[in-house]
């Protein structure tokens, strides 16, 4: 049989009826890696390597979805400029072509920003893990979420007060989740986190920078609770943000475990 | 100064007032590794290596928590027999000693069950990643959650129908989340998942077992949607379960990405 | 003190003498993430996100290296076109600027190739984890290494022979390490692996493709030992390759563990 | 057909001749998880969860190995007391039952030691990732390797000298690889690493401990190069050690990348 005719004889198993009476909340694909473009405040757009998860809802009566369609649609968006609002276009197309009443997409990538050393002015890119989540619900409502992980440093205030010689400090990470109906730059969330921590991380630091950064960090000691609260205060003031969660984790230098604090707007 | 007297002069920074007006939803520790015991249906209890995350809520007025107390309390539970209900004791003690109105604990571990090859009867242990989550909320309510990951195999029904020579099959994982107010054995959730998949995985399979297992799997082809629905049907029938989510992922043998399906009871 | 003058007063601790009599084989930086370009057979060059590890040797007499110099040098190579030979330029500059007699660099990235479905001709990119390692040794010799991970599928020959209804098949990965003094395209190593496995993976497969791919795979059953041997035979024939290692791993669909085979040219 | 007779009719595909003329260096299984016992200096033996990788060599003439035998043999060693020498028994049995001239085994696990806070004397277990590797080569020689990862802290000497207010410090990890023909306690290697670093990590630290630990660490600033050299000096003095490698990595608190140093005895 000629392969090009084969499909006419092929059974479409996914299209069959299902009689178990259970709708499926999400059915789709995960771990699709693809270079795409995302909106960049300074350079308009930036090429990133995305890990994509996409799904639709499946009604009670249907047996399955045609998984290859997700990729056929996604492949058309390779030169698109993604941000928390524009991802909606891809989502809508998935919903329509997969004939569903709801659809979800998660796009994870490392986003790069140029960091400038505070004294020497040496430049180098630093990567921030980001995720854009977009959903259309059954009732027609849309939700747009942004998640950004910002590595920072912290100096322990307790440690600083009880000793004259030093204080333990360490790398940590601030994870910001925001739900929004408006456009937000990734750069804005990164700036909020970096302002709220004891210290900002830089790729290149010459000795004059290191002195500056370390002294600044020691003059701004913060518990993980403090950092979480300062990020939360800044997020609360932003009218574009509907809901947020901030989670701060410090990789304690005197322990092999972490401390963390989480604040949610709800 | 003699070290034992030092604490009388030490400032208690965490105890200070905070005036930012923000309560913290969770503040605590993560990545505490510790051998503990969990309830085992066959052998009463089983030693596992737990990764523990524990937290309390922090009211608006307080600056910080005393993180070392989490570990002091946890250390007393090393010979305790944990299960989805008994973890509550540890949680209560954390809530009280850290003087909070709410507390959370997550205990993750690999749990072992002896698997017997279906024909040769050869035995070997197989590990299942599990998590017990317990929370006390501000209103006094308690929530108990169990999460179990069950690796299984799947044969694609579409692939089987369109070809006479074979069908793609692959390893996958079923993740079951249940919220319950009653005691549930981990073994019960594992059994539900293994019954619902195309095939069960075994550590030792002699050739006579392999023939049996492969033929059984090919006689039970299932889409990821089918497996999710069959797990969901079984979970729905269990009166002890308040809410559940089931997520099935197949590591497709013909693709480098996965397909997944998720059903929730809500 | 004015910050710009600070460096004149700053002690250069790294430059001090060390009297422990021990040279250091590698000292440097790791987990530097950076977008760079690598040679692409079809499109000349391809932007990738690299994870870079770079180091030099340190002689007995020296206390330490100036770590910031690694990044200052790397930052100049952002628009460079990397391949297994051209990475040598960066390596040489590191060796010279860090005043060492040897230097090493490892550049890891996901490299994308367009895969075309065998019947429908649908196109989509697929990512292959790659690594380029380059070293200059004390005696002046250079070594250039390429590592590529190629995900493939396998059908078990034993399973196929003992059952008429089907055979277990699964995703697996072939890792090829080659040492070479000549230029090699990443595409060449990927092609060798894909020819040697039971089946090739594709991002998009319509039903007519799926039938074709599954039947082709079932007509080419291979143990992990077979795949390793066929890759090794092909690598042996290539005169540009000085040494190689091939490691094949199958994520068995009937087990929760893997099987693997490794062949080295030495 | 009765299943118990099935094997008499089953073809033994693995046993067939291979004519590609290539021996296989390692062929076996990986990611076998199993609770086993390892030698514990204080408590004689300790139950751990092992991840086991086992392999044999395969001669030119043979097509494949019978993978299930690895697990049948390993299952007999569940109550055995493993250490770098005793693992040899399991290895010998694998070599014999799989009819090979060489065999390899790698056993990875988290090993726990009770850490006592330096002032308050509070106790809690801390986990150290360990690996035991044992090999028998074609010429009859045996190699025994131990690998231990010890998390520690470091204070940067340069940072301390150029600023009066503080110095950056961070968590890091020291990885020790030793090849030995004699028995060595894991505790001995852990002690060597902890003595060589700026600071030791503890699970529980009360404020009086924190003051002590932080001051001790700041009085012992060390570059990653220093720590590597001090570990190497201690390993060199131990006559039981044939070869060693030490690799120290600091998760820099002022950067998002790491610095590392590696010394080998060869």
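Some observations on this one:
Letters A, B, C and D mark the chains as written, and numbering starts fresh at 1 in each.
Just so we're on the same page, a residue touches a chain if its C-beta (ideal position, glycine included) is under 8 Å from a C-beta of that chain, and two chains touch if they have at least 3 such contacts.
Computed from a predicted structure; not experimentally measured.
Chains touching both chain A and chain B: C, D.
On a Cα centroid basis, the chain most remote from chain C in this structure is B.
Centroid to centroid, with C-alpha atoms defining each point, chain C and chain D lie 24 Å apart. The centroid of the Cα atoms in chain B and the matching centroid in chain C are 35 Å apart.
Centroids of chain B and chain D (each the mean of its C-alpha atoms) stand 27 Å apart. Shared interface positions of chain B, defined as residues touching 2 or more other chains, are 10, 32, 126-127, 158, 162, 203, 205, 207, 211, 256-257. With chains as nodes and touching pairs as edges, the resulting graph is complete, every pair of chains being joined.
For chain D in complex with chain C, the touching residues are 10-11, 13-14, 18, 20, 22-32, 55, 58, 63-65, 67, 157-158, 161-162, 223-226, 228-230, 232-233, 249, 256-264. Those residues of chain A that touch chain D in the complex are listed here as 126-127, 151, 153, 155, 158-160, 162-163, 165-171, 199, 201-203, 205, 207, 210-211, 213-215, 217-219, 251-257.
Note for the complex: chain D touches chain B at residues 3-4, 6-7, 10, 12, 32-35, 47-49, 68, 71-72, 75, 78, 110, 112, 119, 122-127, 203-208, 211-212.
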